[in-house]
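Next come two complexes built around chain A: one with chain B, the other with chain C.
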Partner chain A sequence: MTRGLLTRMPGVAIALVLLIAVFSLANPNFATLSNLQNILIQSTILLLLALPMTLIIMTEGLDLSMGAVLTLASIALAITAIATGSIALAVAAALAVGLGFGLLNGVLVAALDIPPFIATLGTLGIAQGLSLVATDGQSVVGIPRGLQQVYGGAFAGVPIPIIIGVLAFAAFFVLLYRTRFGSYIFALGGNREALKLAGVPDRTVLIATYAVGGAMAGFAALLMTARMNSAHPTAGIGLEFDAIAAVAVGGTSFERGNGWLTGTLLGVLVVGVLRNGLNLMAVPSSAQVAGIGALVIAALLIDGLRSRP
Partner chain B sequence: MDRLASMRHNGWNARRCEKPMTVAPESAAQRDAAAPLFELRGISKQFPGVQALDDVSFEIARGEVHMLLGENGAGKSTLMKVLCGAYRADAGELFHNGERAEIATPADARRFGIAVIFQEFTLVPYLDIAQNIFLGREPRSRLPGFVDRKRLYADARRMLAMIGFDIDPRTPVHELGVAQQQLVEIAKALSQDARILVMDEPTAALSDRETERLFAIIAQLKQSGVAIVYISHRLAEVFALGDRITVLRDGRKIASVRPAETSPDDLVRLMVGRAVDRTYAREYTEPGEVLLEVENLASDNGIADIGLTVRAGEIVGLCGLVGSGRTEVARAIFGADRVTAGEIRLMGESIAGSPEDSARRGMALIPENRKQQGLALGRSVGDNIVLASLHRMFPSGIFVPARAGRAAQAGIDQLRIATPSPHRPVSVLSGGNQQKVVVAKWLNAAARVFIFDEPTRGIDVGAKAEMFRLIDQLVQKGAGVLMISSEQTEIVHVCDRAYVMRAGRIVGALARDELTEANIVRLGMHQ
Partner chain C sequence: MSTVAQTSPARRGLSRETVQFAWRVAAALAVCVALSLLSDAFLTTNNLLNVLRQTSLLFLMASGLTLVILTAGLDLSVGANIGLSACLAALVIKSSGSPWLGVATGVGCGAMIGLANGFLVTALRVPAFIATYGMMWLILGATYFYMGGETVHGFPPSFRQFGSGYFLGIPIPIYMMLLFLLLGTLFAQRTVWGQQIYAIGANPVAARLSGIPVERRLVLVYVVSGAMAGLASLILLARVNSAEADIGEHFTLPAIAAVVIGGTSLFGGSGTIIGTLIGALILTLVVNGMNLLQINASWQPLVTGVIILFAVWFDIRARKSGN
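Showing the complex of A and B:
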């Protein structure tokens, strides 16, 4: 662990330090306490997606449907909350939608052997289409009060999203490095044959990995809905792109089950800092995507150069 | 029947000098504790076109190292895969301590204490040593789903100490060398309480010191009653380690002997002693000028000091065991691998070493894996035939279908490729005909030096004969051929002379009158 940290830290950490330095110089409003706290808060939703995305990518898979599933879960949450007035029921609905799509992805990939790219592209379309059908393309507004507190509130002075982010990271850290399930995720990408020979039901483990991804998309929908106090059928579009970018920038390899959760955390911060900094410099959101794309390629190029003997 | 029963009582020791006998069906009363630890009886296994195993019987006794010997393709791996549950035999029975045993899956084999260490390791690179040893069998913590890490690492330390491997079990496996990974595999096998350990050429990638250490561990395992089946190509090892030696050839058991009863020469004879097969015999013609000349060639793929020549009108064999570097030589000559030293001259001119340059100057490489490397499978026969000569045929860059069609038809006619039309996708052709398409492609590109890497792999006997006629035609017309083959019979009967490789170097050149299977095996083996 420590050796991995030392040898791999530079790539993503250098990127983070450089970005912070550049934006601090470029804009006096960047390096303020409130803005840095903002970055952390705004990065939480991305972190909730990037953590399970790391596990999925470690299995040599991919989940393109996360953003769309988040959108649909958010709509389910809003509609349920308005219809029943119960936040608990609404959250359950969002989690159910997320988990359902996660299981569907897992079954398509693990049981039916559809390549992850295609399978999750398909479910992306389904989830996005259902979102538009359910809302007629309109925002869902009128959610009972109280939900906003999840995003805007604070506990003991610490904004709740930051607490959620820290807890989520800790949970995934324990899951990946301390449980049998975590070891099997390493094995799925690293040597699936070894897992099979060890008598572990590899397909079940793979389905579970995608299910975790879906459930986290459902959970992230809670934060997204609370943030906007409404649900919008395009809210989650492109989030999977940011999540995959964060994982890639963080140094998780798409081969051999080589994943690094701390790298993903730093990758999420890199994406968050970049978006926030570009926002301050009044770069439109559409152009920010180009910046993130360039960053991913640069990071992978540097990693490729460094891993060469 | 009485004789059989009494011999069973005496155990395998008593009948080691007996001639092979036919085994009568066994009744429950005859089962005995002194029966061999494990026994495979009359195992046959057929694959499409190949009888991989034909009525092979094999015994494994407690605390014995049983060497399994044979040429490439003799059936060693297939036999071991039957033992470990990866394949099911078409016929034959398995016995554990004299009782019928069913092994349908790897899990069944594990229950009988059978563990196999294949040449391809079953390790997860980004888990640590302890996690790998206990993958799927992690000690559980009281919290569901969690691993009892204290016990995991303590147990791993114990397993590693048992084989004298002094390393921190927290080391990630991807940081280990091959030898260390092998030790982890052994620890993993022992942690599953393996009573029978199968090792497939375990020293292939080890240094001398690492080999010594492995031998010490094997001796120790033997002491504790573990039976070891050891597949090897190195005769020295066979005599240093083996308590018993079984030789397979062409899927049949040829002999099962004690080291004291045999000699290296005997073993070589047993391994290759097949009836001489003259199917491929061809007429010798005096070779012409030198077409290809290689001096002191080394590449970044592990070959060094390679020197060879190929003349017009001759077929030169390149043989050696799988992994001895034959394909790497072909790739280096053709420019597909980076050449680090030496010189390659094609028709007297030094070549730069890129596939484009080699192809343009008249060299053709027909790779072993033709589906991946030699053919555009989704395209038509005609497209494939003109693929390597587009520059030459259409210098203006504009594709003229009629001209391509004529060239394709010419190739189809010349090599008698069985296809109704040049527009057929090449993927629907048989293996032999696909091979011909690859050759036609290079003929159309005006190649004069052909390197064939395992030209008969995966094609049936009839297609093989045709393939050799084709190669013969090429040299009759003044081409030079370098042919890589794992089948010594082919080399002996098709080639005019041959080079033998071992561990990335050429260890011998066999002239026409020295070219025998025994000589090839003798040179190619690690003595």
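Showing the complex of A and C:
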């Protein structure tokens, strides 16, 4: 941890401070309390995906299906809410879709030994196809009123998404650093053979890791649907890229199995600040995507240079 | 296995690969028989030429990718590459009126993207899937930004020949497919560089120790993959006669699927260019069949996803039983 702090803290933290400084100077509307609160609220969905993505990348894996699974879960949520009128049932449907795809990813990767990027690219296609088939390419609208409160409401003056984000970070922090499951994840990336020799069911741990990712995508679908008060078959496409970008910028390595949750949190804020600041400056979202692509490649370059012998 | 594969990869791989190839041809024929029974429209000259024309488009973008996957790499930026190359070529043709300048732009743009991928993978040793994934979004964003929602359409007939012209009653893209099948197979099987690419995929450490310039060959395969994507983008552009930012987006999954269905292993070192042609044919037949049977096009990504997973799973099972 201490070595991690010394070597990684500067990069992502300096990037965050620099971005905030630049946007504050460039636009007077950036450094206002309400906008900073906005950034935190908008970053929650990304954080919910980036946390499990960190664990998955630590196992030397990847989940390209998260955005598509989130979309499908959001559609399941909206359709169930409209059909039954019950928000609880709708949330259960979204979580079930997410968990189901997470388990499928886990089985494909851990039990069938399919490389993660291909396995999740395949399930991305499946989830995207199901979303299109279920909606015929149309938006699903007419969700009962209560749902919007999940995104727009506040508890004791604090917006609910921020509370969810803090709780999710705390939960993943405990899971990774304070439980046996967490230490297995560290071992899966760094030293899988030792894990096997120690008699740990390594495949089960790997399946569970992907299942957590799927379930979190289902949970993030709740916030996404509440935010838009509708579901759309292309709404979440590419969100996995922002999540992967946040993890990469946060200093988790794609090869060496070392991950850092605080880095991921800072990475999420970097992506969130970048998107918000560019929005305020009226930069089109296409240029933002290109910018984040460049950011990922820059992060990979730095990681590559640092890992040089 | 890897050291043997280095000394005589072609001969040793032949028997097993021939059997696998025969199975794939049989699968393609089975799909044909099934479709001709299910739909009267399938066994018509028009439809069959149409299938072959679409196969050639998919084959062209997947053939370069085959070389990349032979080295155990991956190029996820193929679809985005097609988009940017097609849009740039379209703008150049529109402003200059010269089809050949457009062709040079498309292929050149594709090759430059491939060069950038090769640089990331070799000089910086970034894993191929994540390097090309970052590149994919960088290019997608740049293309959308550059096009700004515009559509460029209407190209001179001389350019449109590439995609929709005929020679002796057969669409021109089919000739290009056969040409690049020949060139690709000769390169992979009959040249030193081609054999070195197999050796790198089979065992990169042994390849390096035996004096193969691994980095240069890797850069080469990414440049070829990029250039082939650029070439395919021109065929596509000439066929649809209009360019939008999203023109290539939906091709990455089918291109990878064609390579994998064709029997090229994601783990590198085994596979053939003609296998990729059969893979592209099988995938195109399935999509054509779904169209003929009037199945909603929304099912296509799902079907492609399922096929890709089964193809990889079969490869992994064959490898396990083989060792």
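Keep in mind that, in the parts below, the second predicted complex is superposed on the first by the 300 of 309 C-alpha atoms of A that agree within 3 Å, B and C clash if a C-alpha of one lies under 4 Å from a C-alpha of the other, contacts with A are read in each partner's own complex, and residues count from 1 in each chain.
Following the convention adopted for this analysis, contacts are C-beta pairs under 8 Å (C-beta built on N, C-alpha and C of every residue); 3 or more make two chains touch, one makes a residue touch a chain.
It should be emphasised that the depicted structure is a prediction, and the values quoted were computed from it without experimental measurement.
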item: Room on chain A for both chain B and chain C (clash or fit); value: clash
item: First (chain B), second (chain C), both or neither touched by A:V296; value: second
item: First (chain B), second (chain C), both or neither touched by A:A119; value: second
item: Comparison of chain B and chain C by chain A residues contacted; value: C
item: First, second, both or neither for A:R178, with chain B first and chain C second; value: first
item: First, second, both or neither for A:F241, with chain B first and chain C second; value: second
item: Partner chain(s) touched by A:N191 [first = chain B, second = chain C, both, neither]; value: first
item: Among 200-208, 218-226 or 272-280 on chain C, the segment whose C-alpha atoms clash with chain B after superposition; value: 200-208
item: Interfacial residue positions of chain A with respect to chain B in the complex; value: 4, 178-181, 183-184, 186-187, 190-191, 193-200, 256-259
item: Sites on chain C touched by chain A in the complex; value: 74, 76, 120, 124-127, 129-131, 133-145, 148, 245, 253, 256, 260, 266, 296, 298-306, 308-309, 312-313, 316
item: Complex contact set, residues of chain B against chain A; value: 106-107, 110, 121-127, 131-132, 135-138, 140, 145-147, 149, 172, 174
item: Complex interface listing, chain A residues touching chain C; value: 62, 64, 108, 112-115, 117-119, 121-126, 128-130, 132-133, 136-137, 238, 241, 244, 248, 254-255, 284, 286-294, 296-297, 300-301, 303-305, 307
